[in-house]
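Each of the next two complexes has subunit A plus one other chain: subunit B in the first, subunit C in the second.
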Partner chain A sequence: MASWGEASQSRLIGKRITRLSGKDKVTGKAKYTYDINRPGMLYARILRSDVAHANVIDIDLSRAEELPGVKAVLPIIEVGKKLRYQGQEIAAVAAETDDIAKDALRLIFVDLEELPFVVTEEDALAEGAPQIRDWVGNKSNPGTNEKGEVEIGFNEAAVTVEAKYHTPVQTHVCLETHGNVAEWTDDQNLTVWASTQAVFGVRDDLAGRFELPANQVRVITEHMGGGFGSKFGAGVEGRTAVQLAKITGQPVKLMLTRRAEHLVAGNRPSMTQHVKAGASRDGRLIAYDMRGYGTGGISSGAGFQAPYVYSVDNIRTERFNVTINAGNQRAMRAPGHPQGAFAMDSLMDELAEKLGMNPLEFRRINDPSEVRQAQYTLGAQEIGWHRRNTIPGSGTGVKKHGIGVGSGLWGGGGGRGTQARVTINADGTVEAVTGTQDIGTGIRTAIAIIVAEEFGLTPTDIAVKVGDSGPGLRSGGSGGSQTTASVAPVIKTAAEAAIQKLFEHVAPLLQAPVDDLRVGNGTIYVASDRTKTVTWHQATGLLGMESISEGGNWDQELRQHGVAGTQFAEVEVDTETGNVQVIKIVAVQDCGLAINRLTTESQINGGVIMGLGQTLLEERIMDPLTGRMLNANLEDYKVPGTYEIPEIKSIVFDTHRKVTGVGEPPCIPTLGAIANAVYNAIGVRIRELPITPDKVLTALAQKKHKEVSNG
Partner chain B sequence: MDKFSYVNATSLKQVTSLLSDSGWGEVMLIAGGTDLLSELKEYIETPKTLINLKTLPEMEGISSDAAGIKIGALTTIADIAMHPTIQHHYTVLAQAATSVATPQIRNVGTIGGNLCQRPRCWYYRDETVNCIKKGGDLCYAVDGLSKYHAILGGDPVYIVHPSDIAPALIALNASMKITGPEGEKTMKVEEFFTLPSDNPFRENVLQPNEIVVEIQIPNTKPNTKSLYLKAREKGAPDFALASVAGVFEMAGRTCQSANIVLGGVAPKPWRSTEAENVLTGKMVDKAVSMKAGEEAVQKARPLNDNEYKVTLTQNLISRAVMMAVS
Partner chain C sequence: MSEKDKEQKQGKNISRRSFIKGVGTGTVAATVAPAILVGDEKAAEAQTDEAVASAKIQLNINEEVTEIEVEARTTLLSVLRDGIDTTGNNVDLTGAKLICDKGECGGCTVLVDGKPVYACMMLAMDAQGKQITTVEGIANGDDLHPVQEAFIKHDALMCGFCTPGFVVSSVALLNENNKPTIAEIKEGLSGNTCRCGTYPFIFDAVETASQEM
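Right, the complex of A and B next:
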């Protein structure tokens, strides 16, 4: 049976190994799509709707076309159609310089008949709200789920909690905005440099739309500046770049502006839950009744996990989607989970308090995961759980400390569909080629580690070629934390096959059977007689004019689905300014076999930072008055900076030696952990994210008012 | 941005003569450009000519004499933040400068530009929103979203003045030298700023043909304690939700005089004579400091989303006072 072997036998796998592309990235040598410039390249820009809802009466492109330097103007929306959200594409321009393209956009005249709009969930659900999709109402048919008898559960419950939890829309904030450079090498062959999570997905998307054979479209993503689920297709901007390149016969670069990135390039839907839950005197969660909704903007898909992580006997849930005049949602790092985790972990603490029970004990009773049970013990130790306020808010002084816990789960088991080749050349060089892409997660380094482990070499000896559909070795998109678990087994089996072939060449020289050969540190030797050895170069020299090139298979014995995580947060709340400073996060994350412990820790760090941003800072602010997003920039849309990042203790929690992806799960438990820590610090619960100073001060003022009126 | 011609300044006389040909917005001055450039990119301003002031080195630098210190308008925020004399004797100014934006912006942004910067209001900064400041009829913050807007002095425009430097200078009784076609004049920094009720379009009294040349700060007494506190949502870069510039002359725990100027809460740096009056001549303790905070916000008129700023301002003043006596 295929296996990754014992930890004690691994030279490289599971160790902390520096990212191969790290030096290129920090020195600026790494080329992202943004950095691609082609001879004769034009710059393209898209004119977008300023208004949330309007009929398009007329579009006049003529003055833009006449501007010197403009090479093409392309209408995107047709006259007579409706614009349904701010940022929606109207037309595009390709010009000799980016500045000319910008000027040209201002020469496109659009006659619009503005229509009533709704940009908040509340407005969309209000009586008499304008219906913004012609074929269906603003509120979708609810999806329901029932298990057991929720009323019986409540009858048996010793305590119940009723609460409303809300998380706003969060945008992806990819540091490299969406975009492409498109170049037709002739009228039947297209090359596209794309900032994407799926080179083959974009290839097939473009081949279909431009009616090209798939093997005549090449998509390249050498380095990628963040996707988080928002970069799977070519998108309107990708198709527009290709179309403009076709019209002009010149390469075209089209990257989204930061503003457009916020408006149209995807977001995490909002969540509003009205939830009632009950627990028995001995701390069992026995009833859960939830009615909730979210908005995915102009599209549907605003799902969230409820209940989450913890077992409940009796469940009744109903949730629906609210359509508003705003850019549509896309998958975002663990879709549906962080929102659900915030609400569930807040609820768990509220129930535990009513029971007079330690919130960690309450979790232990209701958490079915053995892995997380062990993680609770480790995490509690690391954060110093005993230091928390037994009575929330009881700390003295202006700056109050608190400690909280949250949990999460994810899949990440990978799947079939990756092809790879591992090649050994006569000069001793090694290539590993596959059609996956390194979107910043470090799969390039993981591949090098796996091959180097099999060959007795070091990771830098392996030339890893990913992010290019050109070789025709397909792999799936990098989403769902599936990349490593999809790619690693194929690379491993390909490397195993290749080294077997090399052993066959070496065996006669060493006068030993093939199955008695092993790799060592840059050598091949005979296991039963270690005096018999050849260097790697001597061995590959035997290949003469040949190379060894082997494919691999996805072997599901090499991977496993399902991970558990828990996080503990310590915060300091300034009760005079309402400022929440996270002091420390302990993130305990299971991911099975960590191919590279260092990049796995980086994944966890990144997830924690993103979770922290969602908890304390981030919110798409839609203005009911103008229908516009008021913070489509990085000034008022606030993401964590240096001052916000706490000490992060990332613990790769070893469970088994099968590969599982961990890109998404570390951003999940952070929300509940911080929110519960804030409560533990100040004794007032904030049920609406982000937990900003205005909310903290308002909550503290209400608490004070209550205390005063209660005497 | 629209096309413009770019002129390197050769003398102040040349600058004022170029300016005097036009009204607001036709000819504009650029120094660090950290604010202006974003206004150009967003088409909030569309000047025909930009005059680059960085070619006038005489407008840059910090000097001191018997009366106090002088800071040329082109002096960068970073130079002010790191100047030893300012750090020791005008602490409030050094702290305010340090709290501005990011190191990159402080390295190019100038004190003159900081005082003349335009509001950050999200309606004002949206080209397509025609608010009062741009000749329209509405201040959108009144019925729209107003989390970052004014609680004091707002009517009819509820922007807040974004400068950290200005409250510090006013608290230090600083003056400024302004040059125009008729020559030089000097005025208190406090008198430089105006309220929307006087002029909804501008935030100060500078005329289109005038230029801020120099800041002058008188000596502080040896018993002076000064400090700047800035509350923000994010460590950096972020503008103030509310800030307090405090300059106190102390005799032991007795406050002989107090200058308290608020940032981030009003359309101009807001001098709180109410808070100052509470403190002057008093033995300062927690109760007095809180009273100062309470008095400062007596006239606050919050909008829908910014009532928290009342509490925040109150708390910051109290904190600043207590820090001054500790």
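Right, the complex of A and C next:
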């Protein structure tokens, strides 16, 4: 049975290894799509709707076309069609410089007939609201789920909680905006540098749309500046860049502006839950009744997990999708999970309090995961769970501390569909090639580690080529935390096959059977007689004019699906300013076999910080009067900066030696942990994210008011 | 760029200005009410009119003098990334990134006379006579700066798109204060944004680098 071997036998796997791309990234040499400069390259921009809903009456491109330096102007929407959200594409220009392209956009004249719009869930659901899609109402047909008898559950419940939880729309904020550089080498061959999470996905998408055989489209993503789920297809901007390059016969660069990135390049849908839940006296969660909805903008897909993580006997849920005039949702880091986790973990604490039970104890009773049970112990110890306020809000002073816990789960087991080739050349060089892409997770380095481990070399000895469809070695998109678990088994089996081939060359020289050969540190030796050894270069020198080049196959014994995680947060709430400062997060993350512990820890940090942003800072704000997003920039749309960063103690919790992805799961438990810590600090619950100072101050004022009127 | 191309470009600038002036007096077609015109003639005119005034300037970038023709509106960042010098070579210093275009993210940070500056917020013309150091000029040939070494060691980068900005800001911070506390590191780097969440390891890297310097 295939295996990664014992930890004690690994030289590299599971250790902390610095990234292969590190030097290029710290010196500015790393070339992202945005950095590609091609001879004769044009700069393209897209004119976008500045209104939420309108009929297009007329588009006049003529003046833009006449502007010197403009090489092409392309309508994107047809006259007579509807614009359905702010930011929707109207037309594009390609010009000699970016500034000329900018000028040209101002010379495109568009007559629009504005239509009534809705940009908030409330407005969309209001009686008499304008129905913004002709083919279906603003509210989708609800999906329902039922298990057990929820009414019986409530009858038996000793305590019940009824609450409404809400998380707003969050945007991905990829620092490299979506974009492409398109170049036709001739009218049948296209090369596209794409900022994407799916090199082959973009290739196939463009091949289909431009009616080319797929192998005549080459997509390159050497480095990319963040995707978080939003960068899979070529997108309107990708197709536009290719079209403009075709019209002009010149390479075209088209990157979205920061504003467009917020408006049209995806977002995490909102969530609103009206939930009622009940628990028995002995702390079992026995009834859960939820009615909820979310908006994914003009598209559907606003799903979320409810209930989440914990077992409930009797469940009834109903959820629907609300359409509004705003940009489409796209998958965003653990789609549906963080919002579900926030509501569920808040609810769990509310129930525990009514039961007079320690919230951790209440979780232990209801959490079916053995892994998380172990993690609770570890995390509680690390954060100092005993230090929490047994009576929430009972701390003294202006700055109050609190501690909370949250949980999450994810899949990340990978799948078939990756082809790879590992090559050993006579000069001793080694190449590993596959069509995956490094979106910042460090898969390039993970590949090098696996090959180097098999060959007795160091990771820097391995030339890893990813992010290029040119070699025709397909791999899937980087989504669902599936990359490592999809790629690693294929690379490992390819490397195993290659080293076997090399052993066959070496065996006669060492006068030993192939199965008695082993790799050492840059050597190959005979296991039964360690004095018989050759260096790596002596061995590869035997290849003469040949190279060894082997493929691999996905072996599901080498990976595992399903990870559990739990996090503990300590916060400090300033009761005068309302500011919440997260002091510490303990993230106990089930990781399986972490190929590279260093980059795994980076992933955990990154997830926690994105979760923190969603909890405390991030919110797309739509103006119901103008239909526009009010914070489509990095000043008013707050993402975590240096001041917000707590101490993060990441505990790589590896229960087995099989590979699993962890790109997404660490962003999930953070929300509940922080929200519960805030409650523990101030004794008032904030059920609507983000937990901003105004909400904290309002909550504190209401609490005081209640105390005064009760007292 | 060839001599002919250059002339053409200059010629185009002139005709572009008069062209814009020309359309500026034009009238807009009648529209169905209520209607909105997305195009903005006045803004286009004003912007372009002012912007096309161009000049040849010299910039000292990474200890090399680059001569380049810029418009008044050309930012230092666009010279670094997209500029073509008067000998026709791409400047091609693409380490500094345009991320927010508004002085909000620090992705475009370069050193100007040793001080960190957002290159998206500085006009190229204002950078004349100053020493500009980009991330490409931080290492000494193949010898990485201690900040760069420490960033690699601590994995203070994931996608790496923000990294050049953080590296330059960290160098600037340590040049000012070579033994910063964690609070001072946070303050010194508060003008930079990372979406991947590399901050904790960036703080570690700056601490390590400060010990090396």
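Simple rule for what comes next: the second predicted complex is superposed on the first by the 711 of 711 C-alpha atoms of A that agree within 3 Å, B and C clash if a C-alpha of one lies under 4 Å from a C-alpha of the other, contacts with A are read in each partner's own complex, and residues count from 1 in each chain.
Simple rule for what comes next: contacts are C-beta pairs under 8 Å (C-beta built on N, C-alpha and C of every residue); 3 or more make two chains touch, one makes a residue touch a chain.
The structure presented is a predicted model; accordingly, all values stated were derived computationally and were not measured.
Chemist: Applying the touch criterion given at the start, work out whether A:694 contacts subunit B, subunit C, both or neither, answering first, second, both or neither.
Modeler: A:694 sits against subunit B, while subunit C stays out of touch.
Chemist: Report the partner of subunit A that touches more of its residues: subunit B or subunit C.
Modeler: On the superposition, C touches more of the residues of subunit A.
Chemist: Contacts for A:515 in the overlay, against subunit B (first) and subunit C (second): which applies, first, second, both or neither?
Modeler: Neither subunit B nor subunit C is touched by A:515.
Chemist: Does the superposition put A:578 against subunit B (first), subunit C (second), both, or neither?
Modeler: Only subunit B is touched by A:578; subunit C is not.
Chemist: What is the contact status of A:176 with respect to subunit B (first) and subunit C (second): first, second, both, or neither?
Modeler: second
Chemist: Check the residue A:50 against both partner chains and state whether it touches subunit B (first), subunit C (second), both, or neither.
Modeler: A:50 contacts both subunit B and subunit C.
Chemist: Quick one: is A:427 in contact with subunit B, with subunit C, with both, or with neither? Answer first, second, both or neither.
Modeler: In the superposition, A:427 touches no partner, neither subunit B nor subunit C.
Chemist: Taking the superposition on A as described, I'd like to know which of subunit B and subunit C A:641 touches: first, second, both or neither.
Modeler: A:641 contacts both subunit B and subunit C.
Chemist: Using the superposition on chain A as set up above, list the residues of subunit A that contact both subunit B and subunit C.
Modeler: Touching subunit B and subunit C on subunit A: residues 50, 103, 635, 640-643.
Chemist: Touching subunit B in the complex: which residues of subunit A?
Modeler: Residue positions touching the partner: 50, 103, 398, 576-579, 617, 621, 623-626, 628, 630-631, 635-636, 638, 640-644, 692-695, 697-698, 701.
Chemist: Can you list the residues on subunit B that touch subunit A in the complex?
Modeler: Interface residues on the subunit B side: 2, 120, 122-123, 126, 128-129, 140, 143-145, 147-148, 231, 233-238, 241, 305-309, 311-312, 315-316, 318-319.
Chemist: Would you pull the subunit A residues touching subunit C in the complex into a rising list?
Modeler: 18-19, 21-32, 34-35, 37, 43, 47, 49-51, 54, 57-58, 60, 63, 66-69, 90, 96-100, 102-103, 106-114, 173-176, 223-226, 228, 257-258, 439-442, 598-599, 601-603, 605-610, 633-635, 639-643, 645, 647-648
Chemist: Which subunit C residues qualify as touching subunit A in the complex?
Modeler: Per the touch definition, subunit C meets subunit A at residues 9, 12, 15-16, 19-20, 23, 28-29, 31-32, 34-41, 43-44, 47-48, 51, 71, 73-74, 78, 81-82, 90, 92-102, 104-105, 107, 134-136, 138-139, 144, 147-148, 151-153, 155, 157-164, 167, 185-187, 189-190, 192-201, 203.
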